[in-house]
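I have a structure I would like to understand better, so I am pasting it below and will then ask my questions one at a time.
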Amino acid sequence: MERIDKREYAELRPVRITRHYIKYPEGSVLIEMGDTKIICNATVEEKVPPFRKGTGEGWVTAEYSMLPRATEVRNSRDISRLKMNSRATEIQRLIGRSLRSVMDFSLLGEKSIILDCDVIQADGGTRTASITGAFVALADACHYLLEQGSIEKMPIKSFVSAISVGIVEGIPMLDLCYDEDSRAEVDMNIVMTDKGEYVEIQGTGEKAPFSSETFNQLIELGSIGIKQLIHNQKEVLGDLSKLIGG
Amino acid sequence: MERIDKREYAELRPVRITRHYIKYPEGSVLIEMGDTKIICNATVEEKVPPFRKGTGEGWVTAEYSMLPRATEVRNSRDISRLKMNSRATEIQRLIGRSLRSVMDFSLLGEKSIILDCDVIQADGGTRTASITGAFVALADACHYLLEQGSIEKMPIKSFVSAISVGIVEGIPMLDLCYDEDSRAEVDMNIVMTDKGEYVEIQGTGEKAPFSSETFNQLIELGSIGIKQLIHNQKEVLGDLSKLIGG
Amino acid sequence: MERIDKREYAELRPVRITRHYIKYPEGSVLIEMGDTKIICNATVEEKVPPFRKGTGEGWVTAEYSMLPRATEVRNSRDISRLKMNSRATEIQRLIGRSLRSVMDFSLLGEKSIILDCDVIQADGGTRTASITGAFVALADACHYLLEQGSIEKMPIKSFVSAISVGIVEGIPMLDLCYDEDSRAEVDMNIVMTDKGEYVEIQGTGEKAPFSSETFNQLIELGSIGIKQLIHNQKEVLGDLSKLIGG
Amino acid sequence: MERIDKREYAELRPVRITRHYIKYPEGSVLIEMGDTKIICNATVEEKVPPFRKGTGEGWVTAEYSMLPRATEVRNSRDISRLKMNSRATEIQRLIGRSLRSVMDFSLLGEKSIILDCDVIQADGGTRTASITGAFVALADACHYLLEQGSIEKMPIKSFVSAISVGIVEGIPMLDLCYDEDSRAEVDMNIVMTDKGEYVEIQGTGEKAPFSSETFNQLIELGSIGIKQLIHNQKEVLGDLSKLIGG
Amino acid sequence: MERIDKREYAELRPVRITRHYIKYPEGSVLIEMGDTKIICNATVEEKVPPFRKGTGEGWVTAEYSMLPRATEVRNSRDISRLKMNSRATEIQRLIGRSLRSVMDFSLLGEKSIILDCDVIQADGGTRTASITGAFVALADACHYLLEQGSIEKMPIKSFVSAISVGIVEGIPMLDLCYDEDSRAEVDMNIVMTDKGEYVEIQGTGEKAPFSSETFNQLIELGSIGIKQLIHNQKEVLGDLSKLIGG
Amino acid sequence: MERIDKREYAELRPVRITRHYIKYPEGSVLIEMGDTKIICNATVEEKVPPFRKGTGEGWVTAEYSMLPRATEVRNSRDISRLKMNSRATEIQRLIGRSLRSVMDFSLLGEKSIILDCDVIQADGGTRTASITGAFVALADACHYLLEQGSIEKMPIKSFVSAISVGIVEGIPMLDLCYDEDSRAEVDMNIVMTDKGEYVEIQGTGEKAPFSSETFNQLIELGSIGIKQLIHNQKEVLGDLSKLIGG
């Protein structure tokens, strides 16, 4: 079976990460993975949530949203329904947890960094691309604080990237596009650091339960993708990447 | 290191599943796992969401909530903040996906079953206990439809249960209570069928990333718990359990 | 005419009050009156509403809600409609007023006690059972403060209980179950202290206006029920009851 | 003790009911009781709530609101808090029940009449004045339907009026103004028909419980006020009043 | 073509401005222009929005709303839809800007004045009548502060009034009533001071674009109306008007 | 006085209009005016608002929003405040009116076209750039319908563009950037067709009222900008532009 865009099963879609995309934020990235396009903006705020007050430690949080016409069919805006989209709620919690796992919050001090991930075009893998792109925006925002003298050392301990893998018509595939994702029997999102450790693994067999062999196969496939994505992050960050995990 | 309640590392807390707990619902279960207590009510409705209309197939969905004082500190109700709790949103999506994975929706026909999981006392593992308890309520609701003659065959393909596992102070443990959960470095929720297949695996290393060895250890530990929970489900369902997956 | 559950016209349903039902709250009661079952949790907070600040006096407030399937037909949750149920609004105001009427707020000091009344199974009389049960939870919460040394004297001046009465097919009846309530021509809720004084009387003749004779008959009938309920409260509170109104 | 406006204890404030106040509604009344001023507009709609569909019977409902500056201190609008005022919720349910009690819904047919009671100046007794004024607007709306030929007979069985009574510094008083109301130990609202029957009685002793003697005294005092108010309603409705209860 | 109410094309409807309409607000006006009737209440608050804090300057803001039955067809309340009416949002922003343009905020000091414009009967031109009426209420509120000694000088620099003009069936007309407004090809709202300067001009040709000749014609026509309205404002304010712009 | 970006007073910022920006919508445009960047997506829906049903005519509506970090300071999302931003409400009403003014709705038939204008970077003039960009997306969406055979003739009667003008430090200027806009004494938005007719004129002198000479000067200046923008629209639409107003 040939993939819809003729990729190898273990091949990522073309990845492009553009830094400094929007001029105002402390970090701003446009990440493109095939036809999936997401603006990831990092905002530094000099305040922390109540449970962090007085601890000397900071916090990282994320918000995820899609433009109404990022998809084939138009979705009405959250505000017209007065309800936060429940899929987006789940996704932004995942992005937040993933980025927090690589932060040294005592180095950040009592500041918050908000990552706004706004999908302008969706073609599968938006939650994982958000993590990969937001990491770069987060690095830029931390670097901005360092340059400003607000912090003394980069508060990021590792690189982190994310990718989706899945079983489509019985075949394990890397980086599913929307068409593949909607036909997948098993769907997995993997978040991993440059040290080869997992930050988050979410595997779902809503259409059909899966065995542990399948599971291990998918994990392996995901690692291949993650390695390349972290390579991409390092390339686009250039010298700044040397300050991470130092 | 001794566990707070002196359990073995691979030991579940005492499990009690009470059927027919509330008199009105088509299925109603009180599940208790240690001090965690959840009422799981199943409601049958003769309508389906728009994307199911005209397909001849049904749907299963879940809602999850906690009484304000199910926890040490009182949480204000969703309606006073006018916002659905985001953790609850994530959880109810997980419960819904888990239960749908074992349904044969063509046997159910164009009906919906709603599983209301209301936590009256929370001591860790509420999302997994909700799945385990809601499955029994779902079985009772399907059986009610069978008895009524609205369906011809039990539309449930497998048993499904869920359990949490985690690494606490370096030690893999089964079925974390709240105190353990809040100290865990790695936290995993496993949803599995009686055929030993996975429906959902969610592993999170927010405090510290984890290796694949850790991951496999936890998966294994989880399987032990799941097997016992499915045994409990079968016991409490008695003869009815023979109609499942038949 | 025989009552649906064969009770005498002036007979209460079986009453059961269980203290310490949920482990976290400062006061926690399960009250059962026939098939009506309500969890009443009391939470102490070290803050008061704006209009009490600096007065040295505390406040008592109540919240009332039903689980979606506490009734024959499932009710959607407030949060899905983004609107507080208007019947619940009316009821929680009544519960709050009733409990405040027996408090000595200067003895309580600048603290708030919130009574969460969550109906898990409804079969008529939920608002009055909430008052009767919440009173016991309130007593436990005040006793907890006394034990803790936060207050010096029990701040409760009297016992208070509530009951419904009504005219069904021309006959005055005590403690209506749902079936009777839905057929009642006149419906009255009575809140009364152990000193035989009224705190609140609400009589409604939506289906048919009523005379003052009817009214007096119902009041009398209500007193019989109240007396027994206060007896029940005293019994379940044991020695603690001696501290009330002292 | 002299009353603040020098009235007798059993004396109403000056009552003025102006019909046809706003030009668009099917019934429109400005009711003034002393400084309390309320616009009561009746709107006929050719639809009924779901539970009435197909029954051949209609429905009456009410909405109650205050202009932000109807009171000494400005109240923010419901929409800025996104929450319906809970006191207003309680009041509009009372107005609805009171008016429904005198309707013959089979004569109305499957129509709804909505009574909007908007308080433009509040000086105590707004809920009872709303009922008294809304009744006249309701009568006008029904008469409009009769004139139009949409119904064949006035669907109103009785006149209904409402008044507040209370104990202020130990003295029973009729028709409390805001100053008296805020000092009252016991507060009661009475809704009564021209046949001397009660539709609703709500007595509250939040500051101090009350005896049944007090209760009966207040009821008696209320009847005096109700009689005069129904006299006012009849006077302002003129010939139309002969069609009521016919 | 004769106008529906036989007015000249350049003639205003009868204008009536009643001061001290509601007893509580610091300024309260009922403005009537033909059948359009609006209550404009001014409330002084001793606080300012965040962006004014510490500047020594005050702020003026407006809220606009219509009673449900101010129009031919009943509009549901904002709170039942949980959404602020979007037309009202636009209008209250216009009223606020218009009134702020004539304020000297350093003379007001750090205070806010809120103008509540509640339409009780709508027959076209409600936004412009709100401005004209609210100006008088604002003047009264400022005068109240002056009398109280809270400010030293009237903080109002000019009179401001507003009027609608439009092209109906090709003819430029002043002060459109609802019937005319709904048939207008071009619709313009003009806000002007007593010095003949414009504060706001909004011209809309939704049905048909318009030329600059049309535009100038309408502006001219508007000035005629504004002059008369400012004359009315001066008349009703009497001596107080001498303190404005002094 | 030199402009911040060295432009002439009557000079537009560099304009770039990119068609087919997002792949899913029926029309999709990225418009850039200097640093202001807006995605304008047009969606065709086969349904109309209630007031259009059965008329054979269609409708055009707009939604306007900004990404949280389109500005110097981050704005929280509407959904976190549960309130539609009031400035955005005003703007999207303006965009909708402007585009509707050039539509022939009988040629469109009973269809709706929704224009989503999402500002990804804001540097002044976002409302006018939204109109100019959305017009091109609207043309593409109509052309799509024509190609599909759903309509027989382009339903657009004229080109329409919009621009801001203002008085900054006494000098009339075209196309204000954010810095100029925030210092402007008078601010005007002009919407105009290729026939030189006005669709909408909104002039505001919140900081200082303005004379009719000022007004006419600004109108003239605006016309210069509009002409160039319509030239840009024609260029980017190429042959398609010949079908407009045909």
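Labels for the chains are A, B, C, D, E and F, by order of writing; each one numbers its residues from 1.
By our rule, contacts are C-beta pairs under 8 Å (C-beta built on N, C-alpha and C of every residue); 3 or more make two chains touch, one makes a residue touch a chain.
Quantities reported herein were computed from a predicted structural model and do not represent experimental measurements.
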item	value
Steps needed, at fewest, to go from chain D to chain F via touching chains	2
Fraction-based call for chain F against chain A, same above half, different below	same
Intercentroid distance (Cα basis), chain D paired with chain C, Å	28
Averaged-CA centre spacing for the pair chain E and chain C, given as whole angstrom	51
Junction residues of chain C, two or more chains touched	82-84
Overall pattern in which the protein chains touch one another (line/ring/star/complete/other)	ring
Ring of chains, enumerated from chain A in the sense that reaches chain F first	A, F, E, D, C, B
Residue ranges of chain D in contact with chain E within the complex	22-25, 28, 35, 39, 41, 43, 45, 63, 65, 67-72, 74, 77-79, 82-84, 114, 116, 118, 120-121
Of chain C, residues touching chain D in the complex	83-84, 86-87, 89-90, 93, 97, 100-102, 158, 192-193, 195-212, 215, 219
